[in-house]
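Presented sequentially are two complexes of chain A, the first with chain B as partner and the second with chain C.
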Partner chain A sequence: MTILLQALLNGIMNGTLIAVPAIGFTAIFAVLRFPNFAIAAYATIGAFAAWWVNVHLGAGVLPALIVAFAVAGFAGVAAEETALKGLRGSGALTVAIGSIALNVVLENIIRLYFGNDLRGYDLPIVPDWRFLGLRVGPQQLQSLMIAVAIMAAMFAFLRFTKFGKAMRAVADNADLARLKGIDPAKVALLTVFLGAGLAGTGGVLIGLDASIDPMLGYRVLLTVFAAAVLGGLGSIQGAVAGALLIGIAEECALLVIPPTYRSAVGFIAILLVLTLRPRGIFGERAA
Partner chain B sequence: MTKYAINRRNFLGASSALVGLALMPSAARAEGDTIKLGTLTPLTGAGGPYGPVMTQTAKAVIDEVNAAGGVLGKQIELISEDDQTNPEAGVRAARKLIDVDQVSAIIGTWASSVTTAVAPLCWESGTFLATVSGADAITALPHQGYLVRTQPNTTLQGRKFGEFALEKGAKRVYFVSPQTPFAESQYTNMAKAVEAGGGETDSLVYDDKKPSYRSEVDEIMRFKPDAVVLGGYAPDTTVMLKELYRAGFEGIKIAFAYAVNQQVLDGVQKEVVEGCYTIAPSSNENATAYKRLVDLIGVEKPDPYTVQVYDQTNLIIMAMAAAGDSTGTAIKDAIRTISQGDGTTVDNAVDGLKLIAEGKAVNYEGASGPCDFTDTGDISNSSFRYEQVLDGKFSFINIA
Partner chain C sequence: MLAYFIFALTIGGIYALLALSLNLIWGGVGLVNLGLVGFFAIGAYVSAILTGAGMPILVGWGAAIIIGAIAGFVVTLATTRLRDDYLAIVTLGLAEVIRLVALNERWLTNGSDGISGIQAPLKSVLGNQGFNLFYMGLVSLVVLVVWALLRRIDMSPYGRAMKAIREDQELAAFAGKNVLSFKVQAFALSAAIAGLAGALYAHFQSYISPDHFQPLITIYIFLAVASGGVGRPAGGVLGAYLVVFFLELTRFVPNLLPDFAPAQFAAIREIMIGTALLLVLHFKPQGLLPERIIPAPKP
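On to the complex of A and B.
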């Protein structure tokens, strides 16, 4: 029982970390209607930006997260404008493939400047707290709270601000939104900034738990994608639910299957969703 | 318009030239003024810290031989490729070295997965392969003699890990490793050693593409181990060490020296790696060849792979001289005539080439060890170097 509870706990922790970039991924999909795989590189860019200000300027976790958000957001906008925008006319598949290529390019630019070495944030590491035979890391709890705060801010933004409402309007029905005088180009730009920024902060949270290298984003890309698909592409609540489910499934799966097959959980989730409920848990229409 | 029109005579002429080129035996095309050797080392990926120096070392040996007049009256040309510590990239690079550059030998493949993937290309094409990979399965491949390695195999390494854990008083030893070609044989041989000493073992193989291993570490902790042997590479071992620290593991940690290296020490919090033991096949630091190598490349403490590449390059050059031919097959047939036996002891190819030219037999004693090969291509003898991380630095224990 304790074993299962611990796996559940680990799953929730993992899931919340995955949820942040998954929201970014799904938000971009909601507005621009294509899966942006360059999200992996944005996560890595965010992690490295935060590392830089942390190690060179001594920034703490929160300022580093803000820097990561801004840098990854601007990198996302720049990449979108130069590389992906021109492809939009050729259909979603073309842009999606373009984003895979963009991801490889960005990842290697990071490699060019920072090299392949492993890096860790200059933060103290503390042993886990133990209670009732379970263990949980203070650092993880901190990441969990940050992730929850980011998600809350994102929901509030979508619900109460003009831009947030505009984003939802475009996601819901782009033509109707245009008739109402919403400029889709502006909304698209803001969404990419937000999506890439969220991926960047997600990258930092993942890096805090382990270590960072140019492959950081790529390693979690499948899980992030699976979370978004599971929750329903384009649905923000869906991304959160999907991420939690995938996180818990991955950890609990370890109790019955060898850990080497952990990555298979993501694939199986995608397969099941596409077979049984292609629109995902929260998706309103078939994607 | 006419400028680009295909003129029939030109077309026929050009095509027959092309066909003719294709029909020419590859040996004829390779016939140049130089002998080509290739290095295939990891310049990026988990092996990234080692590859560049390995390549530089092969180049230094070749420059030395070229300056002394080359081998078989020709200069040697080195072509270097990056295997990215990735079998797929390794195969592409090996194809280029074999098919395009037509090298006689490939030196330096590092990761066992890369070597396993590249080896068949080598023996099929008659290209000689010298590797620093440790997986047992590599020399068990049907390589027909086209492969030698200077790294002790995992049977030997696994036993050393087990014996060391026992020596440190551990009774319950846990082996944890990502999926590698050597994980299983390393665990089996480690377990044999530990169980022979009355201990118990268990193991877990994890997916090294995951950002955290909390549940994996939970499983390790349930075994209540006195010692954990870390069988992975640097990126995943770093994460594993952090998780073990967070989980409150205070027992003995033993890792490969390539997984817990200086960069890991620089990159993680001090307390995470404190006390960790490292084991590495050791170079023979008292050998004259080792001292020559240090002078040659100007590196104070060359890593074991660099040292092995130094030996491999020297051996291959001398084998070509002894065979009187520069093909991979000639190297395969001649390498044991200069690596072992009763000949005059030499520690570098330049001296060796002179003796071979005088018709004398030589026996190369390398910087990594005696460099004597068994029939299957393993080295018959090696020592290991033990170190421990104390106060954030590596402190030397012994070489045994």
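On to the complex of A and C.
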């Protein structure tokens, strides 16, 4: 029983962290209508930017996260404008393939400067807390709260600000939004900034748990995809629900399968859910 | 130097088969397979395991083709009701699962140590040099046969129906084409070709391990097909040889820049590959050998 509860707890914590980049991915999909594989590189860029200010300037977790958000966001906008924007006319498939190429380029720029070594954030080591036979690290709990705060901020942004409403409008019906005087180019730019920034902060939160290296983003890419697909591509609430589900499914599956197959769980979950409910949990139109 | 040239041509031929495989679905029905390397690995492992168990090489190759096709069939069938971007994500996941199986099921694949001593056909008769030459000829012949077959499909009513689906699947369905069955067949045939390429690769290298099947190979093949010309079999073949030529050329770069570490060279090479793919998509999306579109007959 305790083992199951512990798995559930770990799953919720991992899922919450995955939800942050998953929101970024699904938001970009909602507005630009293509799966952006470069989200992996944005997560890695954020993780390394935070690592740099943490180790070289002694920044704490919160300032490092803000730096990660900004650096990944701007990197995302710069990459989108130079490498992907020109492909939009050729269809979603071409942009998606372009984003894979972009991801290879960005990931290897990181590798060129930082090498393949594992790096850890410079943070005090604190013992785990124990209660009712369960174990939880204060660092994990802090990451969890930060992730929840980021999600709350994102929901508030989408619900109450002008830009947030414009984003939802474009996602819902781009033509109608344009008729209402919303500039789709501006909304696209802002969405990419937010999406890449969220991926960047997600990269830090995932890296805080263990270590970072240039493959960090690529390793979680499948899980992020799985979360977004499970929840229904383009749905923000869906991405959160999907991420929690994937997180819990991974931890519970590890009770019966060897841990080396962890990343296969996401794939199996996608196959299962899509066979039963092709649109995902909160899926929008399937067309 | 000659031996090196023969080696490059053989690898070029194997990449050409992968390019033909990708072109069939990308240029045909407009699907992409981001897990191409997974099907490549399936073919290599199936043939290596079966011939290792004493089966003749031709049985290994045949099995690689059949198991490849079955894997392709299962993947598309599981995602049939989905949009194509979902399929792309699922194929990426499949390649990862195949890599995990190859890495962890030691009883079957010998894990990260890989399988060595894979039979090289006629090597004992022909000697090292002769085998390499023979194998290059064999791979080139297979490329030629597969190319001719796909070109035949490309020109046939079946090929035209596929391209109609690529352009507008609702319209194709409205015209009475069974879109689903075309997609599944094309994907299975494509996966079978990738499996064959894997089998040819395994018996050429005589050693395979999960490290041989990096996701980057999929990117190389995308670059090959995009630069050669999506939708035209000859384009993919040309693109594959060009990509291998480029990759082999970059081997000499370390001699020019001795200050960099090997990991940095690998990074620079991959940056170049990624940039090349982006440049092709931007400035030459039709590729070197653009697709030939037969004009509709005049009434």
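Note that in this section the second predicted complex is superposed on the first by the 286 of 287 C-alpha atoms of A that agree within 3 Å, B and C clash if a C-alpha of one lies under 4 Å from a C-alpha of the other, contacts with A are read in each partner's own complex, and residues count from 1 in each chain.
As a working rule, a residue touches a chain if its C-beta (ideal position, glycine included) is under 8 Å from a C-beta of that chain, and two chains touch if they have at least 3 such contacts.
Source: prediction; values computed, not measured.
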* Could you check whether chain B and chain C clash or fit when both are placed on chain A? => clash
* Check the residue A:Ser211 against both partner chains and state whether it touches chain B (first), chain C (second), both, or neither. => first
* To do: Kindly classify A:Thr260 by the partners it touches after superposition: chain B alone (first), chain C alone (second), both, or neither?
  => both
* With the two structures laid over each other on chain A, which partner does A:Val55 touch: chain B (first), chain C (second), both, or neither? -> neither
* Asked: Of the two partner chains, chain B (first) and chain C (second), which one does A:Val148 touch, if any: first, second, both, or neither?
  -> neither
* With the two structures laid over each other on chain A, which partner does A:Ala7 touch: chain B (first), chain C (second), both, or neither? -> first
* Look at A:Leu233 in the shared chain and tell me whether it touches chain B only, chain C only, both, or neither; answer first, second, both or neither. => second
* To do: Pick one for A:Asn116: touches chain B only (first), chain C only (second), both, or neither.
  => both
* **Superposed model, chain C segment overlapping chain B, candidates 207-215, 225-233 or 243-251** => 207-215
* Structure fact -> The intersection of the chain A residues contacting chain B with those contacting chain C is 111, 115-116, 258, 260-261, 263
* **Interface residues, chain A side, partner chain B - complex** => 3, 6-7, 10, 13-14, 17, 111, 115-120, 124-128, 130, 135, 137, 139, 206, 209-211, 213, 216, 219-220, 251, 254-255, 258-263
* Asked: Can you list the chain A residues touching chain C in their complex?
  -> 34-35, 83, 86-87, 90, 92-94, 96-98, 100-105, 107-109, 111-112, 115-116, 221-222, 225-226, 229, 233, 258, 260-261, 263-264, 266-267, 270-271, 274-275, 278, 286-287
* In the complex with chain A, residue positions of chain C that touch it -> 30, 32, 34, 78-79, 81-86, 88-90, 92-94, 96-97, 100, 103-104, 216, 219, 222-223, 226, 261, 263-264, 266-268, 270-271, 273-275, 277-278, 281-282, 285
* **Of all residues in chain B, those that touch chain A in their complex** => 44-45, 48-49, 179, 204-207, 209-216, 218-219, 222, 234-235, 238-239, 242, 245-248, 263-264, 267-269, 271-272
